[in-house]
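Comments concern the structure below.
Every chain is named by a letter (A, B, C and D) in the order it is written, and numbering of its residues begins at 1.
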Amino acid sequence: MELPRAGLLSDLDLEAVVDDTYRYVETYRGHGRQASYIPALEKVDPNKLAIAVVLGDGRTALAGDAEEPFSIQSISKVFTLSLVLDRVGAILWNRVGREPSGSPFNSIVQLEAEKGKPRNPLINAGAIVVSDQLIGADTADAAIAELVSFLRVRAEDASIAIDDGVAMSESQAGALNRSLAHFVAAFGNLDNPVEEVLSVYFRQCAIAMSCRQLARASLYLAFDGVDPITGETVTTPDHCRRILSLMLTCGHYDNSGDFAFRIGLPGKSGVGGGILTIAPGVGAIAVWSPGLNQAGTSLAGAVALERMVEATGWSVFA
Amino acid sequence: MELPRAGLLSDLDLEAVVDDTYRYVETYRGHGRQASYIPALEKVDPNKLAIAVVLGDGRTALAGDAEEPFSIQSISKVFTLSLVLDRVGAILWNRVGREPSGSPFNSIVQLEAEKGKPRNPLINAGAIVVSDQLIGADTADAAIAELVSFLRVRAEDASIAIDDGVAMSESQAGALNRSLAHFVAAFGNLDNPVEEVLSVYFRQCAIAMSCRQLARASLYLAFDGVDPITGETVTTPDHCRRILSLMLTCGHYDNSGDFAFRIGLPGKSGVGGGILTIAPGVGAIAVWSPGLNQAGTSLAGAVALERMVEATGWSVFA
Amino acid sequence: MELPRAGLLSDLDLEAVVDDTYRYVETYRGHGRQASYIPALEKVDPNKLAIAVVLGDGRTALAGDAEEPFSIQSISKVFTLSLVLDRVGAILWNRVGREPSGSPFNSIVQLEAEKGKPRNPLINAGAIVVSDQLIGADTADAAIAELVSFLRVRAEDASIAIDDGVAMSESQAGALNRSLAHFVAAFGNLDNPVEEVLSVYFRQCAIAMSCRQLARASLYLAFDGVDPITGETVTTPDHCRRILSLMLTCGHYDNSGDFAFRIGLPGKSGVGGGILTIAPGVGAIAVWSPGLNQAGTSLAGAVALERMVEATGWSVFA
Amino acid sequence: MELPRAGLLSDLDLEAVVDDTYRYVETYRGHGRQASYIPALEKVDPNKLAIAVVLGDGRTALAGDAEEPFSIQSISKVFTLSLVLDRVGAILWNRVGREPSGSPFNSIVQLEAEKGKPRNPLINAGAIVVSDQLIGADTADAAIAELVSFLRVRAEDASIAIDDGVAMSESQAGALNRSLAHFVAAFGNLDNPVEEVLSVYFRQCAIAMSCRQLARASLYLAFDGVDPITGETVTTPDHCRRILSLMLTCGHYDNSGDFAFRIGLPGKSGVGGGILTIAPGVGAIAVWSPGLNQAGTSLAGAVALERMVEATGWSVFA
């Protein structure tokens, strides 16, 4: 099938693109290795495959298991960052940097060299600092409630919830994140007690959302912070652009450069197999397939995004 | 003055935008510190200020010293990468990575950890590997001649040349680059003798070009590898996208994330005070002002780009 | 006063040497900076100064506050290592290395590069692993009771005890050690829960001993593992030599090389201002003065040891 | 055979100890892997095995190939350090540190973190700095002539010479050392041109000496800097003790801790398979066997030293 490239968006047959992508990527179904550090992720059916696209004019196209919730894991870091940026503003950057780390997601080396200031909010240590700021002067429970509420409103779907089993497993298997949190705390970079902060962090990673919910909830990031369907201003254009640039340069750990090339869109992957990508001025795309490549990004998910961007010309570099 | 944002490109008053930007940035003239490691860079008039924009339809707008050649330094890495990618293709990535380094431009730490394979072609060690590939089975003189010839054709300007004094100074002050080159060589990652490779590297850094020449020469990068004025295919869409994604994620050393946020365009800076940026589908922008910020990027140049992108909405994240 | 050098030990006027040393070092009393990370250490009188020497024939010489207990801190690592080596033998080296780290006492960088195996048992991470082995299949309370009992027997002094206030303060201020422990645990290198292990670690650091007790308790290390006064075999010659070589190469963090030169004896310092040194075949020396040098070693204490080794010729290099 | 341990030195049957050691270690002959980075080292007969002991009273015992010259490689660092310490004194420590590096011999990481000041004079970068100081205001040829002359006088043997073939091979295979030297130079830590300094460094590594010559030449290090046979003062007691402490803590790269434990004597190994050890107050021991263990130390050589120290009780920790 020949797809129109770089034409007018209104002429795009979105259903056809998504169908073509889904059929193409089905041969990759089950490839890669699922995350195995907690049973809840390991026991997910490896053949799950889902695509959801939501455009600014409200058009939505789904394929595969796009309505089935999965553990969004690190994708949650995008939303806590968005909430916290709006709350505390630029002083957040005194506590966490904005540069690619060049290291795996859980590296502690730079944290030592840079005295407890994580490189960016999308690596684990940085997201832990953001979780602390999300608590602020309130409680962990209030912080996580605010996040879930935000996602429900943005996705127009009240069913979004935390998978408590996953959250508990995350905490039990969380020695490395616990180490990172205490390390950051040792440099005075947490306002709240470590276990309080981690209870937010582990729960935000355990949020379960479907591809449809993810794409819908993040649509405002494609339109300078304004939800194009409801017209609500969710964040400032400045914060929106900051989030997108962080996603493009740091969204996939030490695989971010390659993702930027292959997909050419700001994105964030999670070890649950989900990837969220934003096409500025166009819409949001979420994919899910549990098998991961060596860098911890969904293998089939990345192939799907590559195919779709090839077909639509949505790469920011085209 | 109110500038139209995100409108049709054909309606844009390019002259007005460039004039406004130039006037705005004049207050930053002379700010920052010039590179001082070689006399030729230190003695450049710190008040130099230049902007050049070339669009796909051939419209060109200049301001300030846009016709005056300056030392392009690391901006040259973009062009050698382009030439070498076309010559050797994807096997280049066996010799140099494609990820942000999270380290200063001349760091040797990752080089040791990764056994002589530089993180990306835009840090010094990576550009040295690219220089070696540019020589290939030929000579250093032939390689540098090919590069200069390429730039003259692309810029439609036969006057482009190497500043031999700068090249000699670079070599004399080049202990750290010499160390990097020998380090890479120790891991078998250079095909040619170190001094041969460095003679290309130091001379490519010493190429003198004006902002107008830089913007014109790189225009093909904004159009999937095709020069929109001559219609020539300069490189493949794939190589073009790879170059742009590397510029966005790695073009400004450990300041790349911040540049991506502030400017939102693929770019490459040089310690001579030049910055080249590409607006995909639109055109190329080159700025020059010798005073550098702490990360080694032109201070006034970055402010100018920020202003212009704000006015035109060219950020890839908007 | 002229002191005999390198003569027969039986001819040595030990009292005279200790008196001379004490008088000489009094001018350094109060120099340096006390540890300030916990109030209990910060409020110690900075003018405290103590020397105790115990020789193999039982001769003992004391000066200053040699009977006053202070927080032995990291000196305790020598004794837990001794106990654990006897219990588990050479398999300890599967869990902790035996090489100098070249890094500060609490660095986490090598721990990441070496996958959770600390460089040696005398840096914090290594001592945490040793604490875990001291617990073994028993409880933290039993482990700490065993250690205290061991010290009481060895020092022939039942008054030795843990300063519970210091232990509690250590735990409260222990974010970095907590981070190290969770990091080690993340690599499966702890058999017991992190807080259980830390409760041993923080309490062993909070043991209070006088210089006299310290020197007496460690006398067996100067005689191939046999207490020369009671005749008891405390550890094997092999374990004894291993402990001494670790003290010489790693006993003072990133100041170990300088200590080896200046003093020329195996030693271990603690941030409480104590230093324990062993003169093989001769005896044990303990000094105490709370002011630390930049490397965290007692400033006056090191001067005293240097003076005494100069006078007696006890350096292993002479 | 039972050997007397810890008895009077004058009662020691040195010949018997050396014979026993030689016979014991013969089963290790040919074990390990020879250095292979240059042909001259690779083609040495792997079955070579040699022991030489020279005591303070002049007694000398030899076994195996103890009169056959071999490439002393890094053992030369001990002698250049001795010469340079006497020439420039303590200001040497402004240019090179005195602490264990915790890293392999050729690591460049710490060099970057510590701005071109090598950790100690016994790693390659540090020895390069010492070579530069040996040149001083003179020439490379003069420096190397001074070193060879020093060794001839100390060994009472005018036949000691540089193996020019090895020196040339070292230079050709010296990319990593060349990188280290340029790196150090980049921080202003070399007074002479890099290739001049390296020509000293590579030639000092290519000095050929027999075990007998090595042990005799270094005898002064066992006696506070005074040659016990000629009575000459070669260096100060202070410099002597500094050299020995550096040998004990840093003499075997990242295997120094283990060597300190197993042998318990200050030593220096070379990749040619030689090991020099000093027994303070007793004498000097040199062994040679080309097969290396994983840390680059002679495998059979280390076993021989362990056996001999066990038999004689010469360990500084016993």
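Here, a contact is a pair of C-beta atoms (placed from the backbone, for glycine too) under 8 Å apart; a residue touches a chain by one contact, two chains touch by 3 or more.
The shown structure was predicted, so the numbers you read here are calculated from the model rather than taken from an experiment.
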item: Neighbouring chains shared between subunit C and subunit D, ordered by label; value: none
item: Other chains in touch with both subunit A and subunit C; value: none
item: Far-end chain from subunit C, centres as C-alpha averages; value: B
item: For subunit A paired with subunit D, centre-to-centre distance based on mean C-alpha positions, whole Å; value: 56
item: Intercentroid distance (Cα basis), subunit B paired with subunit A, Å; value: 31
item: Distance from the mean Cα position of subunit D to that of subunit B, given in whole angstrom; value: 49
item: Contacts with two or more other chains, residues of subunit A listed in rising order; value: none
item: Set of all touching chain pairs, with the criterion as stated earlier; value: A-B, A-C, B-D, C-D
item: Parts of subunit A lying in touch with subunit B, wherever the complex brings them together; value: 97-103, 110, 119-120, 224, 237, 240-242, 244-246, 248-250, 254-258, 260-261, 264, 266, 280-281, 315-318
item: Interfacial residue positions of subunit A with respect to subunit C in the complex; value: 107-109, 111-113, 175-176, 178-183, 185-186, 194
